[in-house]
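You will see chain A twice below: alongside chain B first, and alongside chain C after that.
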Partner chain A sequence: MNLYLKLLSGSLRSRMQYKMNFLVSSLSYGLIMAVDFVLLAAILQRFDDVKGWNLYEVGLLYGISSVAITLYRVFGVEIHNFERYMVEGEFDSLLIRPVSPLSLLLTKNLDLSRIGGTAQGVIILVISIIGLRLDSFDRLLLLLYLPVSIASGTVICFSLGLLTATLAFWTQRIKDFQTFTLYAPFNAANYPMNIYPGWLKIIFFTVIPVGFMNYTPVLFILDKGGSIWNLALPPAVALAFLFFALRFWQFGIRHYHSTGS
Partner chain B sequence: MIVADQLNKHFKIYETKKGFIGSFTSLVSTKHHVVKAVNDISFNIREGEFVGYIGPNGAGKSTTIKMLSGILHPTGGNIEVAGLSPQKRRKEVARKIGIVFGQRTQLWWDLPLRDSFDILKEMYKVPDAKYQQFLKLYDDLLQIGKFMNTPVRKLSLGQRMRGDLAAAMIHDPDVLFLDEPTIGLDVNAKTSIRSFLKELNTKEKKTILLTTHDMDDIEQLCSRVIVINHGQIVLDGTLEELRRNIGLPSVMEVQYRERPKNVTAKLNGIEKMRWDHDKLVLMYDRSVLSSPSLLQEVTKWGEPVDIQMKEPDIEEVIQKIY
Partner chain C sequence: MVYWILLQKSFMRNLQYKVAHLINNAASAIFGFVFIAIWAGVLQGKEQNSPYDVMDMTYYIAAAQCILWVSGFLTAGLNIQNGVRNGAISLELVRPTNFFLYVTSQEAGRLVYNFFFRSVPIGLVFAITVGFYVPQNVLSYLFICISILLAIIISVNLHYLVGISACWTTEVAWAHFVNFTLLAGLGGQMVPIDFLPAPLSVLTQYLPFAGAIYYPVMVFLEKASHDVIWIQLFWAIALTLLNLWITERARQKLEIQGG
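For the complex of A and B:
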């Protein structure tokens, strides 16, 4: 734990050496997210109903999904930019330490400029919960369950990020893959799963299980279907998926080639 | 202390193409050729030995070190470092070895040197008392105290290398792997690092494996030399054996005002003589023939306009073995 704090404070102080860059990137990222939000609101204002889901209900899905992915972007920044370690051969320096390379990666850096996105997601959640006018039992259930849902979503996102990063052991570059394994699925998860064609739904509930983090539990909480099991599934799926991702990561490390010097 | 037994590392080189389609096809394609970076290498380095591991670029030096330190998994063969397999028990081995890559720092680039040490102290769980001892000892040996509070990126190459060496020693490892620790350094920095390494080996009884392109490193430090080329050991023996096999030729290049006609001197100690355009290149053994007496000799042949002394590079030495 001590080591974790030392490493984190080290990486933050490194960051702060370039204050201007930090400020500009936080600001620009916040701006992009704000524009994104305004667009969504505008679209939902026009069609006040998406396959039986109103603005606030969609807002709930959107909030969970965007908080999950931005939390991953804050804490998993080195996983997300993992191809750098392959291309520049920097992965070597992680393997000479008596600590697992994954924990070194997670403590190496925090991308605080993404916190703006998390805050934006939370604001959407708050607006949606107020707008939904649930009865007090459902509201309490929702408030209690939100952290579970967000945590599951973050774990699923992290696992997807790690799986994609592991591909770099073979392909070196992963930026192209991330569009398909992270950005597109999490964008899709901003909206209810029932708007997608069957084959896409299958993908979102199997190989890229983003449907579980928000659609599955919200369906039950908003009395749109499903059973109490819908609440147990998200954390279960997240943990199973994380386990699988970690195994694949270990497998990848054994195939690490390193670069010539 | 360090045992390699029939060590092999084969790389499959796939053709990589650009873009998404490219990365995807390289993921599934089976088109490749195999490069045997390390091909059946065996050696046994005993405790307290100082071994020079030399060979031309791409001979497999770094690949061997990366396997010994647990970074890479061998295609075949066995490794034991301090009695453990670096592949099966990487973390334990990491506590017993120190590694320096001359081309790449292990320090935290944007932080003061002291902070890097503090982080490593936590990582290796070094007790406070030992840590204070370490700081004092290494300030004496490497004079790192002067720039302890300077961010690593602002250090000179020589200072950074001293910092890297100290960082590799923070957990008091028994074995040291040094991959070109003197690369790019000026003469003063090289001298101070060499005397430090000498001290580590003789006083602290550390086992050291060193790769270098600098023949002076080898001459001044190593009691044993392993030469590899194309992934195979060409020579494993003492410095004297290396000298006997190939000599450690010094090189003198002489440019004459007019190209002399009869350069026939058969001075004892001159090993090789050839014309490179209008320059006469002489290789000679300094232990037999002193540079001043060779200088005298070459001025007899004609009127030199320029004379340059060079140390031989590994590439040339390796070529002589064949």
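For the complex of A and C:
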């Protein structure tokens, strides 16, 4: 843990050498995500709700999903760009170190420019919580539960990222899979699951379980349905999925053949 | 013709990645399904207050997802920034070919590829699942071709502008992000621009971004008057002239630096 903090602060310092670039890239990344939400706000201002969810309720889902995927992009940057290790044959150098390849990858680098997206997600959450006008008990419950929901989302996202990265042991390139396993599902999770056709819902609650991180608990907290178990499901699903992803990663490493170049 | 050969070569190069692109197409279709689902959810029971009903929006999103691949998802900065960074641009600029055409013809090859291996398959997925609009008027097909062609020229020019700015800034990642956001947001990728709040909905009609996505989609759906093509034509010419001028400035800057 000590080593991890040291590595993190090193990465932060190196980023700060290019302050202007860091600020501009964080801002522009945050801006992109904000534009999406502003467009949604424009639609909902005109039409009030999407299948019974108003702007602030959708904002809650949107914020949790944005914060979760951007935290993964900050901390999981080497997992996300894992195909480089396969294409350029750098993975061998990770295997001969005394620490596990996964811990090496996680401590190697941080992509702080994505923090702008996290900040933007948090701002949307704050606006939504204020706009929702919940009674004090529900608000307290929501505030206490938000970290759990975000953590579950980040773990689910990390697991999906790791599963996709593992595919690189066979396919080398993974960028095109990521659109399918990460970007499209997390974009979908910005909105309530009840708007989707059945087959998409099945995907988002099974193979790509993004529906659990925000839709399931928010449904209960906003009195839209479900039971108290809706609050227990997200962390349970996240941990089970993480376990599965780690097993698959181990399996992938055992099947790894170097390029021999 | 050297530019035609560059276009063909770029097409062939992209052909190498067919399989990965086909998987990516599935994701692109899912993005489309998500947008369609949002609109269906939003418009449910409120269609009388809206200029578009659910079917209109389904057609709109389906067409927009297809057109995005020829006028939205272009190479960041058309890779001009790489040449600036490694110095290759100094050689590229002194070649007896026109630098602007040299860069854009390669991108054109990629876009022709995208049309056949991205737009068409994605369109087919929509056609067999949610439906895809078929223009009724024979004459419309002519205007659709012109409108899409102009959309491509506008978008290639916007991306060229981002790329050539590297001669002054060296870093274009953020400029590309901003350009793409404006293109998708104000170009009507998810929200037709007439749905935007008041000042924006008028302003965006005259910006180049609408010419890249919104107008070709509306012409395709036979919902826009053919006059919008004049707006597209204006931007296509204006941006091309601007880029030719800036390329000349970049060449002079290079000579002064002597690098």
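The rule is simple: the second predicted complex is superposed on the first by the 243 of 261 C-alpha atoms of A that agree within 3 Å, B and C clash if a C-alpha of one lies under 4 Å from a C-alpha of the other, contacts with A are read in each partner's own complex, and residues count from 1 in each chain.
Note that in this section contacts are C-beta pairs under 8 Å (C-beta built on N, C-alpha and C of every residue); 3 or more make two chains touch, one makes a residue touch a chain.
Values in this document were obtained by computation on a predicted structure and should not be read as measured data.
By the touch criterion defined above, A:N187 lies against chain C but remains apart from chain B after alignment on the C-alpha atoms of chain A.
Residue contacts after overlaying the shared chain place A:L167 against chain B, while chain C stays out of touching range.
After overlaying the two complexes on the shared chain, residue contacts for A:F177 are found with chain B and with chain C alike. Look at A:I96: by the touch rule set out above, it reaches chain B but stays clear of chain C.
Residue contacts after overlaying the shared chain place A:K51 against chain C, while chain B stays out of touching range. In the superposition on chain A, A:R13 makes contact with chain B only, while chain C stays out of contact range. In the superposition on chain A, contact is made by A:N2 with chain B only, not with chain C.
By the touch criterion defined above, A:S227 lies against neither chain B nor chain C after alignment on the C-alpha atoms of chain A. Once chain A of one complex is fitted onto chain A of the other, the partner contacts of A:Q250 are absent, as it touches neither chain B nor chain C. Overlap of the chain B and chain C contact sets on chain A: residues 173, 176-177.
Per the touch definition, chain B reaches chain A in the complex via residues 11, 16, 19-20, 23, 26-27, 58, 62-63, 66, 69-73, 90-92, 94-95, 97, 99, 101, 103-104, 106, 108-111, 115, 118-119, 122-124, 151, 179-180.
The residues of chain A lying in touch with chain C in their complex are 21, 24-25, 27-29, 31-32, 35-36, 38-40, 42-51, 173, 175-177, 179-180, 183-184, 187-188, 191-192, 194-197, 200.
Interface residues of chain C facing chain A in the complex, by the touch rule stated above, are 20-21, 23-24, 26-28, 30-31, 33-34, 37-38, 40-44, 46, 49-50, 171, 173-174, 177-178, 180-181, 184-185, 190-191, 195-197.
Residue ranges on chain A touching chain B, taken from their complex, read 2-3, 6-7, 10, 13-14, 17, 89-90, 92-93, 95-100, 167, 170-174, 176-177, 254-258, 260-261.
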